[in-house]
Amino acid sequence: MFFASDNAGPVHPKVMERVIAANTGYQMPYGKDTIMDEVRSRIREVFEAPEAEVYLVATGTAANVLALGCYTQPWQTIFCSKVAHIEEDECNAPEFYAGGAKLTLIDTDDKMTPAALEAAIAKQTVGNVHGAQPGPVSITQVTERGSVHSLEEISALTAVAKAHDLSVHLDGARFANAMAALGCTAAEMSWKSGVDVVSFGGTKNGCMGVEAVVFFDPSKAWEFELRRKRGAHLFSKHRFLSAQMAGYLQDDAFIDLAQTANGNAAYLADGLRAAGATFLHEPQANMIFARWPRAVHQKLHDAGARYYLWDGPLDGPADEQVAARLVCDWSIGRDQIDAFLSHF
Amino acid sequence: MFFASDNAGPVHPKVMERVIAANTGYQMPYGKDTIMDEVRSRIREVFEAPEAEVYLVATGTAANVLALGCYTQPWQTIFCSKVAHIEEDECNAPEFYAGGAKLTLIDTDDKMTPAALEAAIAKQTVGNVHGAQPGPVSITQVTERGSVHSLEEISALTAVAKAHDLSVHLDGARFANAMAALGCTAAEMSWKSGVDVVSFGGTKNGCMGVEAVVFFDPSKAWEFELRRKRGAHLFSKHRFLSAQMAGYLQDDAFIDLAQTANGNAAYLADGLRAAGATFLHEPQANMIFARWPRAVHQKLHDAGARYYLWDGPLDGPADEQVAARLVCDWSIGRDQIDAFLSHF
Amino acid sequence: MFFASDNAGPVHPKVMERVIAANTGYQMPYGKDTIMDEVRSRIREVFEAPEAEVYLVATGTAANVLALGCYTQPWQTIFCSKVAHIEEDECNAPEFYAGGAKLTLIDTDDKMTPAALEAAIAKQTVGNVHGAQPGPVSITQVTERGSVHSLEEISALTAVAKAHDLSVHLDGARFANAMAALGCTAAEMSWKSGVDVVSFGGTKNGCMGVEAVVFFDPSKAWEFELRRKRGAHLFSKHRFLSAQMAGYLQDDAFIDLAQTANGNAAYLADGLRAAGATFLHEPQANMIFARWPRAVHQKLHDAGARYYLWDGPLDGPADEQVAARLVCDWSIGRDQIDAFLSHF
Amino acid sequence: MFFASDNAGPVHPKVMERVIAANTGYQMPYGKDTIMDEVRSRIREVFEAPEAEVYLVATGTAANVLALGCYTQPWQTIFCSKVAHIEEDECNAPEFYAGGAKLTLIDTDDKMTPAALEAAIAKQTVGNVHGAQPGPVSITQVTERGSVHSLEEISALTAVAKAHDLSVHLDGARFANAMAALGCTAAEMSWKSGVDVVSFGGTKNGCMGVEAVVFFDPSKAWEFELRRKRGAHLFSKHRFLSAQMAGYLQDDAFIDLAQTANGNAAYLADGLRAAGATFLHEPQANMIFARWPRAVHQKLHDAGARYYLWDGPLDGPADEQVAARLVCDWSIGRDQIDAFLSHF
């Protein structure tokens, strides 16, 4: 009954098989392995972007901050949701990699609205040397609250950015989960909606530790390579990153895994709803934020269920409503979900 | 016939088996996996340092720069050999992670001498606000030229550092190769010789991508954790780093692999010597810097041998002596070495 | 009729006389001048802090960011009001000097409240490696909206900081104006209220370009010196900074000048109030935020009055209320204020 | 008998007069003062560069590091003499302002040679992601050893830079002294010799604390303004920087002062030579590095002479030759020099 995160489960066999298969003979290091050629081609195909530049790193934070670093001058500010991963969960890595730039937080409990983004950008007067200059906009898809921006919502945000001549980064740690939720293509959810660079996540969705950074603007390629090396993120035995990503992309495994994870979450959400839980955000992908009585949390805890309480401790009045975050990965079995629900 | 580097060969089966075995069920992320407990205990045992703090990262550069960052203030300078990896091969990552600190290069074609180190440190007057302040000393063992410091040589360098109240970092990307060459213990080659923090390499010696940072001074532990996260080097599915290191340490595999690699290099060096090659540095571990006629380079190149020319192009007078760098890993077979030597 | 800022007027004769007097013969550079000895003694006397360490720089931003840098690790966040100078008017200098640290903005249109500060600090869980760690608290006195914290208000904020073991910086660009407004001592408004380091402003109150950084904790002294030099803020002909500060402190000139400036603003505010203007913030020192009809702004503009419109353009409906920021320095004459008011 | 530095003497009356004259009424802050318009025009005239962008800062280190920052990416290295001010006397400020870039030191005891510069640049392979990328070249004129590059020498160095497509910075803390020594124009010693940006010193040559940064490539202007503000080097009462520079440039005062200073040094050097001193470097501007017996140093010391011993302590065998650095500013009188020489 593990619902603490989608970053704690096993690697999918299709990914592991490619890793094992890659372990033969010599391969040129530092991204010059032949498997990377396959990955590059496949990403370009998936994103319908034959000119895209593609790089691999091992952590989602690395993907985000190296990508953003290419678009942010140290005297600029990055616009993002107040609850974005780059604000809440990266220990100042974005500021570090952008040379001391700032994050301007859009006040929201989930998605940015175009109006709020517009207001925030408009406040940073271009050409006023005293304030931070406007930098890129970063959108998280799936959001940190389990919501999925529609294509229209992404386009509306990127339109605001473009009107101010700002670049757009998409933090897609759960990119595949969002694609699965929307039933759209990777191209539609990225460059066709105005996105300039994507962190395309693998780790949370069946890989061991790999994320792709996809630049639709290839002019940033060399700078990215230097930033990756300077950040100590260039792997010598890079083939093992490539192999993971190759397995992840093979036969659209990434979509299948995301559908499975989202399906697990929907199944869990249905059960929770039936049991009387209320939702802080409508679950749209593989994350659930729901509230139910503390007594049930206690029972689940005693039974060994693993997940994060969101707004209160385990101790307290038994009938008080306490919220939880639950995340399903592809590997959690329906039996585990049923076992979880049996405690309600 | 691959002698270009020890970072391009396969992962040893003992390591891969642990990776595969780790791929079951859920494990807490971010270094809280149970395999890491095993790794920590084993490293403390190997280093005879029950208080040591142990962390894993995926690249050698990350190990070096995160370790050095904990000991370097931005207004200090790090003392190292002019040919150190941190100077020549890390694209300013040490400067980046140390907030804009400087490297002071000891002028040598290989090892630092204590006298040269002393002179360099003495030049950076403590308390003179105009110059950089003295920071840590970084020693590379095995050196980038394939030499191995004796324990006495390490102690002589650390004594200079200690006399100036400076900390000492050991870049041990090939730590096991040096241990195998010296026939000494890990403790002797580190804290017993005055070293404060070690980058303990795994990647070049049979792992996929893992290095341990070992602090004999546990007071730096929390700062390291913050620096690792801020550098985007904290793995969510950390168990796969742990598993590699666990396999690498199991039954002293790291020593066996290093002995094999060093033995391969000795065998190759003997063959080269017999064939009339001359050596730029006396090979002591698994790297060889040797010189022979260009015509033989051409033959080797035509036969598909892979290695780096060190001081000249492939084109030129056939009988001119041209140097090469050759690196043997544990996986190169004697048949490959024989095939290589057959072209002389 | 110049009310645009208190950073645009002339230097007071008492300050200029000391500058001129300092211009004779040789003085050791870099803060070793004999006038600095006088300044140090005098600041210690004014602040009743015989152990305080005192340094001079030429800009208010330099004072703030060098002081904060000494108390902020790169993985920490500085807590301040959303409208603090360090957030709005220093072009990411705090982040630059703190190595990529973050600012956590307390949502307020003026002063922080202790409750809001407490909530913001509590959100940054100590020991959670994913989020920024709590760093210092920075209080602005006089605020950027012309308000003055009472001693009780300062103490309440520093008590919150101390409860979390955080240091406190006071941005006192208008320190003397606040002292004059409160009628308190420098000690009461700083270390006696729990402040660890003060940016003690001179530039806006009759100097040419000088600010003192006063550390009540002398352990930061050497680090500050290195940071000042590394920031390129150490003056060779430092005596001319010392001379300004010496003149400013002589015979409590700084208090007299602040009283004059505050008195000018009170006189202007009385006039505005009588003319029907409304106030966004109750003016307590030398800054006024007030609103009156656009038609009057137009008349003032045509007559050559200089000040900033705060929430709207000069063009628009004549009877619409538009806010302005007005700042009085010590040098603005009552005749100028009367001339200004004559347009209402 | 003050020969310790040219940064410790008084401000020239022509400069001080302009400062005093500037102290009337209001002037727009932050470089928008009308005196700056005069300065900008005058610098463009002096440098015969009508498109040049001109900025003022208060310290020589600020001028150097802000100028270099505009031309250096964090993964690059700046090429300079091993004895350059940016290496030896700026406490890592260049690295700080260039985001963690490196300095590559040309091994020389004074000027760089074109051959050594070429070799150093050639070693940093463009496109090799492991090493630092080549960045700008910084030339110091007058050198830190008191030598003056001929125009041919400057052109030879900039030609090397240009052949590698690198920019060139000139650290002209003693620019006027070099002009006076060469009898050339400012244009000849800068853009006509291939220099892209100049730190044009005022402080050491009769000002209070002002340096101009002159960009012959105006495309860097806005970036410089942001970097200056972010570095906390933008003065609010900027008119007092402008006034100094205006006085310094008026009637070519900067040339007159430099000629006086150089003449003083030549007079002193002649005296030393006559007294049997030997020279480490041939004095060409206002700095002298000379050697004479320790006993004479002792006599000078006892008589109150101020200067730096260069290669040994005051204590030791009386007849041993000990070197000294002597610097003459414009204000040192011939009587003081005669007094100094009388001790030989």
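Points to keep in mind about this one:
Residue numbering begins at 1 within each chain, and the chains themselves are lettered A, B, C and D in the order written.
Here is the rule we go by: a contact is a pair of C-beta atoms (placed from the backbone, for glycine too) under 8 Å apart; a residue touches a chain by one contact, two chains touch by 3 or more.
The structure displayed is predicted, hence computed values, not measured ones.
For the pairs C-D and B-C, the larger set of C-beta contacts lies at C-D.
Distance from chain A peaks, on a Cα-centroid basis, for D. Rounded to whole angstrom units, the spacing between the C-alpha centres of chain B and chain D is 42.
Per-chain Cα centroids separate chain C from chain D by 34 Å.
Averaging Cα coordinates per chain places chain B and chain C 51 Å apart. Across the assembly, chain B contributes 74-75, 90-92, 96, 99-100, 129-130, 133, 226, 229-230, 234 as residues in contact with two or more other chains.
Within the complex formed with chain D, the chain B residues making contact are 74-77, 88-92, 95-96, 98-103, 105, 107, 129-133. Chain A makes touch with chain D in their complex at residues 30, 73-75, 99-100, 129-130, 133, 225-227, 229-230, 234. Interface residues of chain C facing chain D in the complex, by the touch rule stated above, are 2, 4-5, 7-11, 16, 19-20, 23-29, 57-62, 64-66, 90-93, 96-97, 203-204, 208-209, 226, 229-237, 240, 306.
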